[in-house]
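You will see two complexes here that share chain A, one where it goes with chain B and one where it goes with chain C.
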Partner chain A sequence: MAPRVVVLSLASDFGCQVQLSNMTDEILDVLGVIDLGYWQLASSGHMPTEYDVAIIEGAVTTDEHLELLRDVRQTAAVVIAMGACANTGGIPGLANLVDLDERYTVVYGSGSALKVAPGKRAPMPLDEFIHVDYHVPGCPIDTSEFLRVLSHVLLGMKDRVPNLTMCASCKLNQTVCFFDRGQLCLGLVTRAGCGARCPSLNRPCTGCRGVAPDANLESARTIIVAAGHRADALENGLRIYNTSQEVRG
Partner chain B sequence: MFFRIIPKREIPELVRGLASQFHVIGPVAKDGSFVYAPLSAPAELRLDYDTTLLPAKEWFFPSSETLMRFTVADNVVIDDSVDETKRVLFGLHPCDVNSLLLMDNVFLGDNPDPYYKARRDNTLIVGVSCMPNEHCFCNAWGTDETHWGFDIFLSDIGEDYYASIRSVMGAELVDRYVAGRPITDDDTAAFQRRTAEFKAAFTNDVDTSQLPVLLDAKFDSDIWEKLGEKCLACGACSMVCPTCYCFDVHDVLEADQLTGCRVRTWDSCQFKEFAEVAHGHNFRDTRASRVKYRYYHKQWGYLSKFERVLCVGCGRCTRACKAQINPPRVVRALQTGLVD
Partner chain C sequence: MARLTVEHVARIEGHGNITVGVENGEVREVRMDVVEPARFFESMVVGRRFDEAPLITSRICGICSPNHVVTSIKAIEAALGVEVSERTKILRTLLVYGSYLQNHATHLYILAAPDYVGLPSVFPLAASMPEVVERALRLKKLGNDLTTAVGGRAVHPVSAVVGGFTQEPKPEVLASYRDMLLGVVDDALATVELFASFQVPDFATAGEMLALTADDDYAIYDGDTAAMDAGWRRPAGEYRSFVTEGIVGHSNAKHSTVDGRPFLVGSVARANINSDQLNDAGRAALARSGITLPTRNTFHMNVLQAVELADASARCAGYVERLMEMGGSSAPEPFRIRAGEGGSATEAPRGTLYHSYAIDDDGLITRGDVITPTAQNLANIEADMRAFAPTVADRSEAEFALLIEELVRAYDPCLSCSVH
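Right after this comes the complex of A and B.
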């Protein structure tokens, strides 16, 4: 029997869900192998109480998110973290750099925090709170990676999110390295798996897939400084998507 | 081997002729660098290139290739055909011609790899002479010359190429598509002069004396730790290397989960996962052990089996490695005991 799948969002801009709807060539095939119970972006109904697989986008930024997340973990046999926000804290994680109360005041006016976001929390990725079975990082996700992971879920294979850095895939694209053009690129330390898409489109890697577990940050820092960039260029660059991780240590 | 003088201005004619029979692949410009790519017009061919980003192995052992397609429910192979496209690889430097011979030892041995063999059997090689750049050190391994492994080899002697022809097919094609003329003693003298200039132009001094002894004697040297501290574990060195042949094989299912592909992709001994086995044990858990392994394999393991080192001195890894780990430097570290 096809597993019942739900797709839901915490704090995010729904970009990864939009990516799912961009899988125009494959979406009908995918719908043929799953029982789609709920898709926050596209469903008009409510989330069912029973399901097998939960695909979660977004970071945890409120108590309500946390409650929902724990609830989902209780119900679902499999949890997939989809996108940068869910995997590293992503863009919402940037709020970890500032005083949360103060930031809410700047955005919404004084005394607003309680009304706008009751139970607000410092933004964190899912695995700060629950066990995550499969990871599809990236901002937004790469749909072919998503399809591979879904396949692994359906077959009961283990998560194979790459632990290595970006440069090998970048070599395969025959992209001239940004360091050879005098530019900084975070591919030196960023988790592979997107096929080094940004460098291949002439944009240095910005680290949206998070720091690779196998990365050598210390050596990368030395290389970056030797290439004439600022001593804090690596940390600064990584902050866009990895501030929550930095705060967690 | 026999010879022919081919005026440079006849090269477009030769390429056009070859293109009527084959897919012609050659060095073309890309973003201030060069890549081997299919030629859409003879003018794209850049025989003045220095090196390419990826080596020619891509055309025999692609970075990702489907070995077979299969059905999931009953496990039946539905397609395992090999690629028999007729190709000419036009413009390989001696290092790259030699690198294919080293690959052949691995892929065409007792159990030939059908995918590699089909491409190799259906591809003609036209080599071209070069001048070393600051990263080249093929002279250290004797791979700056090649006497087999090509159909035609074009040595630049000014206005003309001094063409060495190694195969019957090469001879037929030269006869068919270029006028050319027989060589004279003057041409051979020009060829010798050009060879001497080439040999004198190397700037990399790589002292390979007693390298196998040094490798064994310095197995526990702290140079490996120091190199391991620098290494990014990125595998870029293996990807760009014309002589690295390790691969991984995995299955990818179509979105409908009914059929799948068995895919072979390039792997690298510099990836942490490379030597990890069931239950999670990793034989080369540290970067130091992996950098060391790379050099032991290339400069000693392969040598003990095939009597050549597994490096042709093309310098691609020197360019690719942001941590500046490369054979000249590692060999120097072995000689001096210091990582400079």
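Right after this comes the complex of A and C.
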């Protein structure tokens, strides 16, 4: 029997769900091998009580999110973290750098009477709270990587998210290093797996896939300073998608 | 009392709940609760370098990210006094139009159409009406492919930066898009006919209508803001002087008014204000839609998006031709970092999108402000629900719910955008 799959979103821009809907060449085939149980963006069908696979987009930013996440973990045999928000806190995590009250004041003004969405939390990725079985990082996800992971789930294979840094991909692509052009690039420490799309489009890596387990942060700092960039350039650059690492310490 | 509560309304982008209560023909309560949590983008960009603003604010919305990128870049350029080449402007216009094709196709076929054919989602149609689903996927794919060809990626494009583009599509790739774009004009016309065949209520919104307008184009990339009823036209970058934002207790998204009135942005406002600028394909599509402009019927948002699909396909083919003939460069223009303030606007698929920033001498952002189309529409959505609900309160519970959801969905609301 086809596994029942639900697609859920926490704090996000829906971009990874849009990427799912953008699999125009493959989506009908995918729907042929799964039982799509719930997808708020595309269907008004209700959330089922039983399901096998939960695909979760977004960061945890409220108590309600956390409650939902723990319920899902109780029910689903497999949890897939989809996108930067779910994997590293992503862009919502950038708000971690500003005091919560100050964030409200900048956006809503002082003395605001806002009552909704109580239980605001510091934005965090899923694995801060639950065990995640499969990871599809990136902002947004790469659909071919998603399809590969989904096939691994369906076949019962292990999560094989790459541990290498982006530099390995640039070598394969024969892309001239940004450091040789006087520009800072976070590919030095960022997890590979997207084919180094931004560098291949002439733009340095911004670290959306998170820090690679194989990254040598200390030597990266040395290289960055030797190339004439500020000593805090690595930390400051990584903050765009990866503040949760700082918050956790 | 006819009472409707829908939590986490499906087939819209983001999380929102609707409550409508009608008793003896009188509306007791109407609320669009936007429960989507704020991510505090305006506070996030403070202290970041100017060239990170497009990258960060793009993540306000995965659905219309090309608009956020382009609008943010234009506002930064206004602040720094950067002038870009004609070629860059046309490429950016194509980037935005790619998002139109993708968004309008998604909204019409995946989000809105199921209401009118009595299904929870579009997917079952793949078996019963494969040609409709194939047409939807074809339009959506072309939009994504166009954005990818120009910007390097459909969601959160990469190569558009302050001053120009880091990479351009090869001439032969560009040429192939001219033919593909002309090839979907018929798909767009078929979309108009499909949506013209769906029965919609006879309803007139009381709201003002705002859209960008330009003398020589169906304004998408640039233009002044025009108000249809009041008849004024103002520089779009100065939006903070005419769009008033206020906080309401039940919504994480602010509500907007103009001249003290709720207002509507999106396809109805654009088509009303810029009807003279529609091209031949757009006019042919309008004729098939059966709609006479101007219209105040909010439900016409759907079919007018389809009209825009026809106009956009032919218009983009023309832009591609110009790029092939004109030469010039889109390589980023050199500029000096200086302190300054700037605002800008583009027409996103759902309506006008505004960004503005203040930058200090070191190029760090000291203030950021974004007003999204859905944030502008929210007050009008509630006003429309209040006016519309009593006229259909005698219908069955299921019909009442469907009609109210159809009204909300016609706005193509993007709630994560509206809150950001």
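In the analysis below, the second predicted complex is superposed on the first by the 243 of 249 C-alpha atoms of A that agree within 3 Å, B and C clash if a C-alpha of one lies under 4 Å from a C-alpha of the other, contacts with A are read in each partner's own complex, and residues count from 1 in each chain.
Simple rule for what comes next: a residue touches a chain if its C-beta (ideal position, glycine included) is under 8 Å from a C-beta of that chain, and two chains touch if they have at least 3 such contacts.
Computed from a predicted structure; not experimentally measured.
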Query: Following superposition onto chain A, is the placement of chain B relative to chain C best described as a clash or a fit?
result: fit
- prompt: Is A:140 contacted by the first partner chain B, the second partner chain C, both or neither?
  reply: second
Contacts of A:73 with chain B and chain C, given as first, second, both or neither: neither
Message: Comparing chain B against chain C, which has contacts with more of the residues in chain A?
response: C
- prompt: Touching A:176, do we find chain B (first), chain C (second), both, or neither?
  reply: first
- request: Look at A:215 in the shared chain and tell me whether it touches chain B only, chain C only, both, or neither; answer first, second, both or neither.
  value: first
Task: For A:167, decide between first (touching chain B), second (touching chain C), both and neither.
output: first
Query: Taking the superposition as given, does A:4 touch the first partner, chain B, the second, chain C, both, or neither?
result: neither
Task: Please indicate which partner A:26 is in contact with in the superposed arrangement: first for chain B, second for chain C, both, or neither.
output: first
Query: Between chain B (first) and chain C (second), which, if any, makes contact with A:206: first, second, both or neither?
result: second
Field: Superposed model, angle subtended at chain A by chain C and chain B (C-alpha, nearest 10 degrees)
entry: 110
Message: Please give the least Cα distance, whole angstrom, that chain B and chain C reach in the superposed model.
response: 11
Task: Take the contacts of chain A with chain B and those with chain C, and give the residues found in both.
output: 25
Message: Considering only the defined contacts, which chain B positions touch chain A in the complex?
response: 30-33, 35, 53-54, 63-64, 229-236, 238-240, 252-257, 266, 268, 271-273, 287, 319-320, 322-323
- prompt: Okay, in this complex, where on chain A does chain C touch?
  reply: 9, 11-19, 21-22, 24-25, 27-28, 31, 36, 39-45, 61-62, 65, 90-92, 94-95, 97-98, 102-104, 106-109, 112-117, 120, 123, 139-140, 197-198, 201-203, 206, 240
Field: Residues on chain C engaged by chain A in the complex (per definition of touch)
entry: 8, 10-11, 13-15, 33-35, 37-40, 42-44, 46-48, 52, 55-56, 59-63, 65, 102, 106, 110-111, 114, 120-123, 126, 133, 137-138, 140-141, 144, 152-156, 158-159, 161, 166-167, 247, 249-252, 254, 416-417
Statement: Within the complex, chain B is touched by chain A residues 23, 25-26, 29-30, 32-33, 147-148, 151, 154-155, 163-168, 170-172, 174-177, 179-180, 188-189, 214-216, 218-220, 222-223
